[in-house]
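Each of the next two complexes has chain A plus one other chain: chain B in the first, chain C in the second.
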Partner chain A sequence: MNPTATSIKLTNCAKTFADGTQALKPLNLTVKAGETIVLLGPSGCGKTTLLRIIAGLEATDQGGEIYFNQQNMTSIAIEKRNIGMVFQSYALFPNMSVAQNIVYGLKIRKLKPQAIKQRLDEMLEMMQIEALAHRRIDQLSGGQRQRVALARAIAVRPNLLLLDEPLTALDASLRDRLRSEISELLQKLGITSIYVTHDQSEAMALADRIVVMDEGRIVQIGSPYDIYHRPKNEFVANFVGNVNQHPHVFNTDYLTLFRPEDAEIVEPSKGEFEAKIMSVLFLGDKSRLTLDCGFKKPIYVDTTLRQDFKTGMTISIYVEPERLIRLKTTDNSSAAVKES
Partner chain B sequence: MSPHYPRLFLLILPAAIVFTAFFIIPMTRLIFIGGTGENGWTAYHAIFTNSRYLYSMIATLILSFSVTIISVIISTIVGLFLVRNQFYGRDILISMLTFPLAFPGVVIGFLVILSAGRQGLIGYISKALTGDKWVFAYSIAGLFMGYVYFSIPRVILTVMAAGEKLEPSLEEAAKSLGASPWQVVKDIIIPALKPGLIASSAICFATSMGAFGTAFTLATNIDVLPMTIYTEFTLNANIAGAASLSIVLGLVTWLALYIARSLSGTSVAPAG
Partner chain C sequence: MRNKWLFRAQLIFTLLVCSFLIVPVILSALAGITQNFFLGIKSGITLHWLGEVWQLYSGTIYLSLLIAIWCLIATLAIGVPAAYVLAKQNGKLARFIEEIIVLPIAIPGLAIALALIINYGGFRDFRTSWGFILVGHILYTLPFMLRSVLAVLSSTNFHELEESAASLGASFWQRFFTIILPNAKSGILAGALMVVTLSIGEFNLTWMLHTPETKTLPVGLADSYASMRLEVASAYTLIFFVMIIPLLIAMQKLSQKTNKV
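So, the complex of A and B:
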């Protein structure tokens, strides 16, 4: 881990905009030094607002406080926070070349020309953009722009790296490639990072811990594994993947859910319930079956069985008890977690 | 390819007619009239040899240049402020700022006299404060004031149009990299506004070079070139002189704008 990595602590941070919109309810969050946190949630839930408060682009409401390594940064301006930021729109300076963009923060910090040159070469090599150093920004592809934006943000050796949906503007295959590159980069650098996305697979791939947000609140904080397999409520369960409501295990206090891949197709004698196949989506490595079991919502089941399922067939389903997700039905309103 | 030619010709025709009728024919005549005086083609030399002409030309250039600089500085600050800040009465203020656009030079001159003339507000206030009555409406300073007054709205409108297109994330990125507010202005905002600023400076400069009404109303002690042309034409009946001065005025203004444009071209080119 990077010895200079910074820990972050937010206490009681809320945000009410001038027009009265309460984008964030008061929340607490701790990020360990060197950790990669992903803020995940639907559009408008306040991810960007939270990131901007941490960056210092927005002030938190009265009463909120922000600490970097126990140092109170609440009233410190963004330019003094020594952060690196990557924007969804890249925000590269159009009046500067690739190289000038990358060294901009170093020039501001008045590094010696020699040190600047050395850092520039290091960044160009790390991001594999040596050949682009003298290009203008409008001569770059989207993926290349994203690399330059990353290089520019990490060139200053920031205490904290903030990324707001950096891959959203790219096409799917490039997104996958850059995602693993960013993942490796964050591992290697060991900088404390906060990454915003509304894409659950991106969150799973990158995060040490995921912070799931909804309507200005933090709903759950946990490792990708925890969030996926032990969601706190129905919202989280649905947001990070598909879930089905179990048709037979039913109880007014608990909601019993299971994920499509946790259902097994078994012999009729071993099944918990029977269902009719409504449609089959063959995906190569697996098939997704849409089932009707007399319940108002259809049930989705993923199977890797090498069997040619046909619409109209009736099959038996079994879900192992430890794979069931049980949620208290009254839990939704008190779901917001308090972290100390 | 050939079937396209008739259509292309039709499209070019209106432009060609306008260009010929309103530009080439009168200009050519003007150039020749300039050479028909008793001194022949040496009339074009007079701008350098006749000290009154030369003086008038230099005064006009200096005036227009300083009006441009001051107007651009004031308008950039005001324009950016108006783009960035929402406050009560902002829309009315903006529409009032553009009010002088409709005024002819005479009205501008009249306004200058009202504020800096012998009975003017500025004189009244300065008398009360310092005991001296400041009257500068009838000097080059009055002219300067009038020109700045009618230049500012034009530049403000351009700055506001460019300022609204400024991407906020660029400034935020610069700040995140440690740039102070002044460095953000210098490295991000000014370069982004530059094309607009150059275009509006050019218009501002050209308008100041050719403005007549204000100078005529104020009847200042120093003649700007359009006034000199007017004097030659009406009072001295020196038609050839007036024509040659007009051509020179046009050429000098065009040259200044050309230089400004090419300067801006080189400085926005990619740097290594």
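So, the complex of A and C:
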């Protein structure tokens, strides 16, 4: 871990905009030094607003406080917070070359020319953009811009790295590649990072802990594994993957769910319930079956069995008890979650 | 075949229109360097008239340049920050202020001049100084500077650029000088050329605001047309062209360049 890494603490941070929109309800959040946190949630849930409050681009409402390493930063301006920030549109300076963009923060900090040169080379090499150093910004592809934006943010050795949907503007294959590069980079640097996305697979891949948000609240905080397998409520369960409601386990206090890949197709004698195949989506490594078991909602099952399933067939399904997700029904509209 | 004829007809028409506009200009310029306009160019070419203009009217040329430069300084100092603030705000008040500043474009110069005289004409020292004309010119040219800068600022996402500069540690003034100004450069330059050209050529307002002691070039021109030999007036026009045409060409070049980007 990076010895200079900073821990972050937010207490009671809320945001009401001038027009009366309450983008964030009062919330608490602690980020450990060196940790990568992903803010995950649907569009408009307040991820960007929370990130901008941490950055210092927005002020929190009265009563909220922000600490970097126990130091109260609430009223410190963004330019004094020593952060690195990557914007969705990159926001590279069009009046400067790639190299000038990268060293901008170093020049502002009045580093010696020697040190600036050295850091520049280091960044260019780390992001593999040596050949682009003298290009103008409008001569770069989307992926290259992304690398420059990252290099520029990291070059200043920030206490905290903030990334707002940095991959959204890229096409799918590039996104996958950059995602793993960013993941490696964050691990290597050990900078405390907060990464915003509405893409659950991006969140799973990058996060030490995921913060799931909905309607200005934090709904659940946990490791990707926890969030996926032990979601706190139906919203989280649905947001981070597909879930089915179990057709045969009824209980008014609990909702019993399972994930498509946790269902097994078994012999009729071992099955918990039978269902008719309504459609088959063959994906190569697996097949996704849509099943009808006399329920309002269809059930989705993923299987890797080497069997040519056909529409109309009837199959038997079994889900191991420990793979069931049980949710208290009263938990569905759960209020803000206490930070553990 | 028909297309070809159509093209030729259009070409001839265009050339005719151009010559209709340009021939008087050329003749006028020529008249300024002929011995005797009524005898024509065969009477000989001379710089005599230019010399005479210089003797009689060099004061107006200096004054025009002086006013244009101060007008440029003032519109830069007021217009650029104002455009920045207006681009940053998107409330109703900002739009209202923008409308007010831009209003002088729609008002006839004479009306602006009259308003100035009614309001400030009583301050004698001010009224008789060229500062009075300068104020009129600033009012008249400011909208062009403002519009021009505002257009560039609203076409770049400068708000986000500024935020990212701030995240890298840049203070307000550092951001203003390293990010805002360089990225608004094309608009500022276009606005500046426009302001200087308009100020040097301005007649309506200036004619109302001037005193015998504060004549600008266009006012002097009108004066010479009314009271001088045709050759002197023409030589004077020639000088005016020499001053204004490079500015117009620069403006044209600049707009071509920014259109390409």
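Keep in mind that, in the parts below, the second predicted complex is superposed on the first by the 338 of 340 C-alpha atoms of A that agree within 3 Å, B and C clash if a C-alpha of one lies under 4 Å from a C-alpha of the other, contacts with A are read in each partner's own complex, and residues count from 1 in each chain.
In the analysis below, a residue touches a chain if its C-beta (ideal position, glycine included) is under 8 Å from a C-beta of that chain, and two chains touch if they have at least 3 such contacts.
Since the model is a prediction, treat every value here as computed from it, not as a measurement.
Steric overlap between chain B and chain C is present once the structures are superposed on chain A.
Of the two partner chains placed around the shared chain by superposition, neither chain B nor chain C is touched by A:Gly222.
Ranking chain B and chain C by residues of chain A touched puts B first. When the two structures are aligned on the shared chain, A:Ser89 is found in touch with chain B and with chain C.
Of the two partner chains placed around the shared chain by superposition, neither chain B nor chain C is touched by A:Gly64. Of the two partner chains placed by the overlay, neither chain B nor chain C lies in contact with A:Pro260.
In the superposed model, A:Glu79 lies in contact with both chain B and chain C. Of the residues of chain A, those at positions 55, 57, 77-80, 82-85, 87, 89, 91-95, 104-105, 108-109, 152-153, 156, 162 touch chain B in one of the two structures and chain C in the other.
Partner chain C is touched in their complex by these residues of chain A: 55, 57, 77-80, 82-85, 87, 89, 91-95, 104-105, 108-109, 152-153, 156, 162. Those residues of chain A whose C-beta lies close enough to touch chain B in the complex are 55, 57, 77-80, 82-85, 87, 89, 91-97, 99-100, 104-105, 108-109, 134-136, 152-153, 156, 162. Chain contact summary for the complex, chain B toward chain A: residues 167, 169-170, 172-180, 183, 187-188, 191-192, 268, 270-272. The touching residues of chain C, when paired with chain A in their complex, are 156-157, 160-161, 163-171, 174, 178-179, 182-183, 185.
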